[in-house]
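Shared chain: subunit A. Partners: subunit B in the first complex, subunit C in the second.
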Partner chain A sequence: MKRQLGRSLPLLLVLPGTLVVLAFLVLPVLGTFSGTIGPAGNRLALYETFFANSNNMRIVLRTIRIALIATVISLVFGFVAASVIVRTNGFLRQILLVASVFPLLTGAIVRSFAWMVILGRNGIINSTLMSLGVIDQPLTLLFTEGSLMIGLVYLFTPLAILSLMGVLESIDESVLDASASLGATPFGVFRQVTLPLAIPGLIVGGVLVFTGSLAAFATARLLGGESQKILPALLHEKAMVSFDWDAANTIAVVMVALTVVVIVAAQYTARRFNPVAG
Partner chain B sequence: MQRKPHILVRLLAGFVFAFLLLPLVIILGASLTSGTFLTFPPQGLSLRWFSFVLQQENFISSFQTSLIVATFGTGFALLVGVPVAYALARFRNGLPGWYSSIFFLPVLVPEIVFGFSLLKGVIVEYDLPVITALLIGHTIIAIPYAVRIVGASLSTFDFAAEEAAISLGASPIKTFFTVVLPNIRSGIIAAFILAFITSLNDVSVSLFLTGPGISTLPIELFTYVEQHFDPSVAAVSVLLMFLTIAVIAIVERSLGLSKVMR
Partner chain C sequence: MRHFLSCVSIAVLLGATSSFADDPRTLVVSEWGYTPKESQEYLYKPFELENNVKVVIETGNNADRLNKMKIRGGVDVMFITDAFSQQGIDDGVFAKIDPKLLPNLADIYDVAKAPQGAEWGPGYTVGRYGIIYDTAKVKPITSWKDLWRPDLKGLVAVPGFTTTTGPVTVVVAGDRVGVDAFSNPDAAFKSLAELKPNIRKTYLSGSELTNLFSTGEVTVAAVQDFAVPAIMKAIPTAKWAPLDEGAFLVFNTLNIGAKSQNKELAHAFINYRLSPDVQKKFATVGDGTVNKKVSLTPEETKTMAYGPEEIAKLRKTDFAKIIKAKSNWSGRWDEVFGQ
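What follows is the complex of A and B.
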């Protein structure tokens, strides 16, 4: 009796959690997937319709392009900030850490709104430039690819910093000293020692930023607007405004597929660079 | 000797930190304006926008909804998540290795896809009320935090202590509450706080689940920003920031944040 309980105890403990995830996440998402299966004869009809629309196609490509660029910039920013944090001690380090993490704790709305205040028609940049007499007419800074990109980079740089701090911290300084004393230039040390060692962190951070960009609905709407629509905004529009659930299902599958491709690619890269970790 | 990063790297890092912090400073400044328009620097200092937002019925009631949903959603997630974390750490051989990945699915599925699927597959299907829908959605958002962070603090727990208590005659349930739970307390608190803040800020899932009359604060703010562009949103943002700071400060005081974030 007791042994039986012992064997089924792990299952009993994980059962409620598993059921909750299955019932409310896995099954509904599978339902969304199956909703994209077309009628017998042409199972892919919905996808054909979706991709045949040049506007949809443009949004898919824009989403990928913007997410990729935002990922690269966030990683560069994150790398720079993290490499300074790990070489700083004491109180200043605490300050820098709080500065990196705090934006993460405020919501996407607050952070996107801040950039609306900065980039808007009567925003800080425009009013400063106008009062300096540099321009007569306010520049269109908001609802451009640039403003959307800035918003995403702002949203995800903290994640990049956190992902990179771990790997940069674990790099043994004597290795850097050794390569420098053997004649490597600072850039040479960076390219041949630091960067390869930081690859796991870059991959984790990259996946977080890229997949995060795919889901950043609020930023997409507040900083990208109608003219720079990306997939999360398109999904919401199809689902809640035009009630075209076929199209919304299809977009959902495209978004999940993009996420999966990125994660698989990242795992493949991680294994290539570090066969042990794979 | 501490290696100093190259001067260019330090300059660039200074730029990144300014990039991260300046927008928040600007919101703070914009919220203090006495004018009617969003400007920075503010035209004269006043707290009028703070008193304005505190009188807005829709902000107050949506904030209450947000607090209820975040508290109970995170609570439910811990209720089902802590046993999972415990089982995964305690019975490594009793469960297949891939099992833990089930509880990271909410991170992998883009939130907006999850929100839409939940709406279509569960909420509309069974005609559930808005508040139930929000609670379900936010429980799912919080589960990865519960499983992962509590799991991390369990991974350093020595289960020999638990066996000792049982062999001395304590019941397994009493052992869990008197031996295991006190040891993972900081992990549970950290999980609660991070999940709570994530839930409080969520847009992408709530977007599909809010309904007439019941909304969460981020959704209310989002709708408001799309229609009006005045300092009230800056004031709400500042209040939210102070709330976050207060929560973190209380935890820091009572536990030490470094201990919790470990």
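What follows is the complex of A and C.
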């Protein structure tokens, strides 16, 4: 009896937590998803209606495009920053690390507001350019796709830095030396050794940045105009303003599907470039 | 041990009974949260003291709050513009008003007594949808058509479509080219598209617009006059434009939740808001008065429509018609502004 209890004990201990996750995460999400299944004979009816609307299609494509671009830019910045940090030591490294991560301590809304101050008509950039005589009318910088992109990259580069730091640090210097001694140019070393070894970090960072950008409601609302409306803003509008729960559920499924597709694609790319990773 | 337990139980009983005696009822009020300090001082605190009530406030904009009420009720009194209260009435989320429980209603201007029908809430303040602009940076504005002026490129803000007055902007665009937006939306939206180069941003709340003005992003805005005091505070040279075609009339109404358990108390609250004293106090934050017994100096009425004659001059907004046209117009609006 005691031995039987002993064997099923781990299962029993895990059960309460599992039930909570099932009840409050899995079931409600499944409920949302099942709400998008149409009547018999036309199960995809809601999706057809949703994607038939040109505005909805525009917003979906725009969201994907913006998230992809933000991901690429953040990964590039993150890679450069992480490489620099990995090469420094001691106190300077601590400072650089804190400086990279510091923005994460403030909320997304505060960080977006900071860019409103910088990019505004009377903001720092325009005031400086006008006082230098470079321009005589303020530039329209806010509420454009550019300002939204800046906000997203600023928001997510720290995540990219953190994801890449661990991976870059674990690359053995002797491997890089060996490839150089075998005749590889610096760029060759980077392309054929460093980059493939950094793939796991790039995937983790990439997925984090992409899914974050996909769902960046506050940043889009504060830094973007109506032409920069993305899926989370549309979801909020359908759910809380138009009271169109069918469309809201559909958008939720689309967002989750996009995330899953990106993760799977990233894993596949990883395995192709670096058989050890993924 | 027993001695200790009996002490504890006596203390608990005393505590429980005393708290029962003083236990104030709770009234849940849903409003915009736009003037929290003044609302507490002029309305909630005095009402709480007079009626031994605890007022719990929920804030947000019209659409959010109306939808939350639709989903889970839980609100006794709702402050909401007539555009959205019409929707609420159509959806059955409000309880019928008993005029007998609103003695102050007799002193209210006839037009404001029950703007949506005798069974529904009064308009406790009259608002106008018009234009405000910075006189220091913009040449005088005297007509709705001036929004389309080429010298205003990239300097104008208009309300978003999901707000009270977003759809009214479509009516304005139609008027500009001499069409009725309801029967000829194509022409109206073509006219609205011509406004796009002038528009800096479409805003969804009064506070968002105040920010846009105070940072200098916009110098002209189509807006309801509730936001005028805050904008004038930020930009002292701002002026409410006298429009040839006239401003539009928007009522803010008070209605009672259909599922409210405190309907009598809710009526008392509405009655309190209609009292001359409270009406006069709120004039200082720009809420136009509707109680005949309130007299204000011209200085005090600078930022509002005051008196039955001035209110009669305002253009009536047919929100029932707008609600019917909304789903059609929404797609057209997205085509113009969403790309």
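The rule we apply is simple: the second predicted complex is superposed on the first by the 269 of 278 C-alpha atoms of A that agree within 3 Å, B and C clash if a C-alpha of one lies under 4 Å from a C-alpha of the other, contacts with A are read in each partner's own complex, and residues count from 1 in each chain.
The rule we apply is simple: contacts are C-beta pairs under 8 Å (C-beta built on N, C-alpha and C of every residue); 3 or more make two chains touch, one makes a residue touch a chain.
Here the structure is a predicted model, which means the values were calculated and not measured.
Taking subunit A as the reference chain, the count of touched residues is higher for B when subunit B and subunit C are set side by side.
By the document's definition of touching, neither partner reaches A:V134: not subunit B, not subunit C. In the superposition on chain A, A:K229 contacts subunit C only, with no contact to subunit B.
By the touch criterion defined above, A:V256 lies against subunit B but remains apart from subunit C after alignment on the C-alpha atoms of chain A. Once chain A of one complex is fitted onto chain A of the other, the partner contacts of A:S100 are limited to subunit B, with no touch recorded for subunit C. Once the two complexes are laid over each other on the shared chain, residue contacts for A:M240 go to subunit B and to subunit C alike.
Applying the stated contact rule after C-alpha superposition, one finds that A:A52 touches neither subunit B nor subunit C. Of the two partner chains placed by the overlay, subunit B and subunit C both lie in contact with A:G120. Residues 116, 120, 122, 240 of subunit A are contacted both by subunit B in one complex and by subunit C in the other.
Touching subunit C in their complex are the following residues of subunit A: 53-55, 58-59, 116, 120-123, 140, 142-143, 225-227, 229, 237, 240-243.
Interface residues of subunit B, counted against subunit A in their complex, comprise 2-6, 9-10, 12-13, 16-17, 19-21, 23-24, 26-27, 30, 37-40, 76, 79-81, 83-84, 86-88, 90-91, 94-95, 99, 102-103, 105-106, 108-114, 116-122, 136-137, 139-140, 143, 147, 197, 200-204, 207-208, 218, 221-222, 225-226, 229, 233-234, 237, 240-241, 244, 248.
Interface residues of subunit A facing subunit B in the complex, by the touch rule stated above, are 7, 9-11, 13-14, 16-18, 20-21, 23-29, 31-32, 35, 77, 80-81, 83-84, 87, 89, 96, 99-100, 102-103, 105-111, 113-118, 120, 122, 124, 127, 154, 157-158, 173, 176-177, 186, 211, 214-218, 221-222, 232, 235-236, 239-240, 245, 248, 252, 255-256, 259-260, 263.
Here subunit C touches subunit A in the complex through residues 63-64, 67-68, 70, 154, 160, 162, 200-202, 215-217, 330-331, 334-335, 337-339, going by the rule given at the top.
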